[in-house]
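This report refers to the structure that appears directly beneath it.
Naming follows writing order (A, B and C), and every chain is counted from residue 1.
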Amino acid sequence: MRLKTFPQGGIHPDDNKISAHKPIEKLPVPKTISIPISQHIGAPAKPVVQINDQVKTGQLIAKSGGFISANIHSSVSGTIKKLDKVMDVSGYKRDCIVIEVEGDEWNEDIDLSPEIKQDCTLSCDEIKKKIMDAGIVGMGGATFPSHVKLTIPDGKKAEYLLVNGAECEPYLTSDHRLMLEKPEEIIVGIKILMKALNVEKAIVGIESNKMDAIQLLSEKAQEEKAITIQALKLQYPQGGEKQLIKALVNREAPPPPGLPIDVGCVVFNVGTVFAVYEAVQKNKPLVERIVAITGKTLMNPSNFLVRLGTPISTLIEKAGGMPQDRGKIISGGPLMGKAIADTSIPVTKGTSGIVLMPDNESLRKECLTCIRCAKCVSVCPQGLEPYLLMLLGQKQLFSKAEEENVLNCIECGCCSFACPSNRPLLDHIRYAKTTVMNLIRTRKR
Amino acid sequence: MTVTSLYAILTLTLVGLCAAIILFLVAKKFHIYEDPKIDEVEEALPAANCGGCGYPGCRHFAEACVKSEDLLGLYCPVGGNACMAEVAKILGKEAVEKSPMVAVVRCSGSPEYRPVTNVYDGVPTCVIAHNLYSGDTGCPYGCFGLGDCVAVCKFDAIYIDEKTKLPVVIEEKCTACGACVIACPRNIIELRKIGPKSRRIFVSCVNKDKGAVARKACAVACIGCGLCLKECPFDAITIENNLAYIDFEKCRLCRKCPPVCPTNAIHEVNLPPKPAPKPETKTEEKNKGSESNAA
Amino acid sequence: MSDRLLKVSLSPHAFSKDSIESLMHGVILALIPAFLASLYFFGIGALKVTVISVLACVFFEYVIQKFILKVKPTISDGSAIITGLLLAFNLPSNLPSGIVIIGAFVAIAIGKMSFGGLGKNPFNPALVGRVFLLISFPVPMTLWPKPIVTRMQLDGVTAATPLAIVKEGLGNGQAFSSLLSQIPSYFDLFIGNVGGCIGEVSALAILIGGIYMLYKKIISWHIPVSMIGTIFVFTGILYQFHPNQYASPLFHILTGGVFLGAIFMATDYVTSPMTRKGMIIFGGGIGVITSLIRIFGAYPEGVSFAILIMNGFVPLINKFCKPKRFGEAK
């Protein structure tokens, strides 16, 4: 199969997929869980339970707080202990619903049988409603509410459903294992989404380091004429929404406020597609997800099926315990993930993986002078000039930074990765982005 | 002297003369009239060009003073009242008098009181650390100690103490220009009145979390308990978002609030230490109220 | 205590293995074939000039950084060594040591340090040093020893370079084809058996170094190809119409340090453009100016001047040659 890719920029870090061969294991439910009420982009959800309420697994505990928001369901059965502020991955304490676990009783209408339900007779709107009710958000890490993505704005039409199976970040293997173990469910999920979007073509993009997944899905999708499985060249950030669209259908989504729908594409992560299958065919809301826990210093890098709200310390324990050389613990992949400050942080809808990186791998080196080698320019997938944006940020020339399209930056980290002088390019660019966005907001007032 | 050198000297002299004449004529023809008062006022200013007045440089401030009707809203914090009095004299306008201000750092969360919970490995500036996360301690409002305020001060009036990792303002050098106030991404630094004999009292905390949460993160945090508010006889204290604030216009330095604060979050500057309380008898306890009004 | 605490910073948390040192070491390795060729053709003289140039450059950088600028000396990153090597490769092997040291001083102190050190200079430091020496000491800088014959001596038989012979000959009205007998064959020009500066003679050795740097992704092909290509095409067009009045394009690209300039000097990170489009314009500009100087100018050789002139245009090139922004309408 010919490998497709995006032509501009990109880097080739070691892919370190050390947990790729480990089948998904169910992680036992912990004793208490803390479910943040904001696990998605948009307004936080509003709790609909009180302290001492009894809840079942899959029961609604917080309702969507606006148009761009999502429902939150209990991932365990037990008693609501308190509504507290708990540290989450953002580094700030956020409101969480803390539940004391008792047994594992699921809501009655959820179908827990393992049979694959192929047919879906629901209408387009009914599908969207089910997805909204189930609280499905983008599970690749962006956590954008899926029912909002399925609502096509007036004047725009969706032509392609693109499924993101690239998993381009080093170390992460949760999507890979999902594709190997639940391929048929994913195909059904794709068909459901195609119906909801009213599109006739779907393409699944998978990087070439997952040939087994490519072959398996190609086999299962043989009968489906509308679904194509496309192998992609191993290059970061292949799984970035814009780069994926360019690679699969050769179209360039416009910079913000533009969206992929402007070029007729809607992109969903393969984990989200699976969650859609479970929601629509099995009435199962989003209460658990696959998290890869991995790292060179871990005893047993694994892939766990984790109930949302489980503290990360539980995963680390099960994977062999915290290693001596602590270094950094990353929620997500090493290139775009967030370093967390302590391990009590709960797993949320967007936690695709936890990577333990020792100091010798992740600690920053001394920042030296810019030698104008232009490696940052050649690796930037958005065609920006990171060395210039960093300089403008440092000199506080934010209007010039806006002219140099700093807002187009997708924060992929290729520039900081490639810089031979160890310059913290992304730190300054991100600060420039925040400042420019504030400037624009003040301008509009 | 040869003929060549004579020619050379003559030519250069002529060229120089022509250039001088051209420059003179051009300077006269394209001369822009500027009110000479602007120069006079600029002379009286401290020439720090710090922007503390809100204008980009002393000359622009001088222009604004000359052009405006009165001096309301125009004040040079570096020059202070003496300087504004001179400006008023030059322009024949009324001087504005303001009480001298000073920068005050409202955080006392040194590592001794506010335990470090992680190690920050990113770019060592406050704005970038603030843009990333809540900080390397449990308090999401506290000082990073990375020195953005120090970097921006033109008067060398602030430095980071090595032991406490907190900024310290050198009162004598501080001109209250406000640069550090703007530089701090967490609004920890505030300009407050220097106070009589340089004495002032303020709440050294900006933590808006609920009391128990704030206290867990830092031993000297303000927990918003309100004991200070109850104690203040001048209504100078307000509590908003679990944080007490002392209005420096109303505070009379009566010193009643610092001892009642359970976390010692209220700081006194340049005030003599209070005498140790005498051992009390039962009758003296009743009279305690009237004694502490002395200061 | 702090090894029990987790570390936090912004992503990315993984980094490439490149460092300033690794890139500089790569360039130094790529210069080894040219150095070996220079030893073969010019012997002791080449060794002496190279060693003195490198030591002088490193010394001046260390002294200036430590005692004048009072910053941490960065001689370990290898950039001063490269300036020393490239300066040496642009000098004749019989150049007196004192002049070499002056050249090293000008290259480091004026060409690099006065602008703020590594990364801040607008002009290629080795070329600044070389051009300074060329203008200040024109005679020692234009007397080249004959290759191989003078290997074991420090002074020896000198001769004019093929470029000088051809330029003079063409200027006198002689046809190019008749001059071919007075200059070494194309094969000799390619491997370096010709008089000239110690590093520029062997196009073959430089090409080997260039291919190594392309493989290791230290340089990209845009500047060398565009520069050599432009010289070839420019002189080629003239040669096509008047083959007797002009030298052949193959002659032009194999003489006068075109390969050295294209592969090592013009591709210097600090003084070259940041985008591929800019690099092609840069290389093209150097090619045009070199050809113009060689054909119509007073100097037989024009690469050093051409590169320095184009270095001056780099900020302008960077301003107008931006990479294509993803998603922007064309």
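Criterion: a residue touches a chain if its C-beta (ideal position, glycine included) is under 8 Å from a C-beta of that chain, and two chains touch if they have at least 3 such contacts.
These figures come from a predicted structure and were not determined experimentally.
Participant: Farthest chain from chain A, comparing Cα centres?
Facilitator: If we average the C-alpha coordinates per chain, C ends up farthest from chain A.
Participant: I'd like the most central chain, judged by C-alpha centroids against the all-protein C-alpha centroid.
Facilitator: A
Participant: Centroid of chain B to centroid of chain C, CA atoms only: how many Å?
Facilitator: Once rounded, the distance between the two centres reads 54 Å.
Participant: Mind checking the centre-to-centre distance between chain A and chain B? Centres are C-alpha means, answer in whole Å.
Facilitator: 44
Participant: Between chain A and chain C, what's the gap in Å when you average each chain's C-alpha atoms?
Facilitator: 49
Participant: Which chain C residues touch at least two other chains?
Facilitator: Residues 5-10.
Participant: Where in chain A do residues touch two or more other chains at once?
Facilitator: In chain A, residues 91, 328, 341-342, 363-364, 424, 427, 430 touch at least two other chains, as defined above.
Participant: Could you list which residues of chain B touch at least two other chains?
Facilitator: 117-118, 121-123, 128, 132-133, 136
Participant: Going by the contact rule at the top, pick out the chain A residues touching chain B in the complex.
Facilitator: 85, 90-93, 328, 341-342, 363-364, 367, 424, 427-428, 430-431, 434
Participant: For the complex, which residues does chain C have touching chain B?
Facilitator: Chain C reaches chain B through residues 2, 5-10.
Participant: Of all residues in chain B, which touch chain A in the complex?
Facilitator: Counting only chain B, the residues touching chain A are 117-118, 121-123, 127-128, 131-136, 140, 209, 213.
Participant: Which stretch or stretches of chain C touch chain A in the complex?
Facilitator: 3-16, 18-20, 22-23, 77, 117-120, 220, 269-270, 272-276, 322-329
Participant: Mind listing the chain A positions that touch chain C in their complex?
Facilitator: Where chain A meets chain C, its residues are 8, 11, 13, 91, 170, 242, 246, 252-255, 258, 326-330, 332, 334-343, 357, 359, 361-365, 368-375, 377-378, 380-385, 387, 405, 408, 411, 413, 416-422, 424, 426-427, 430.
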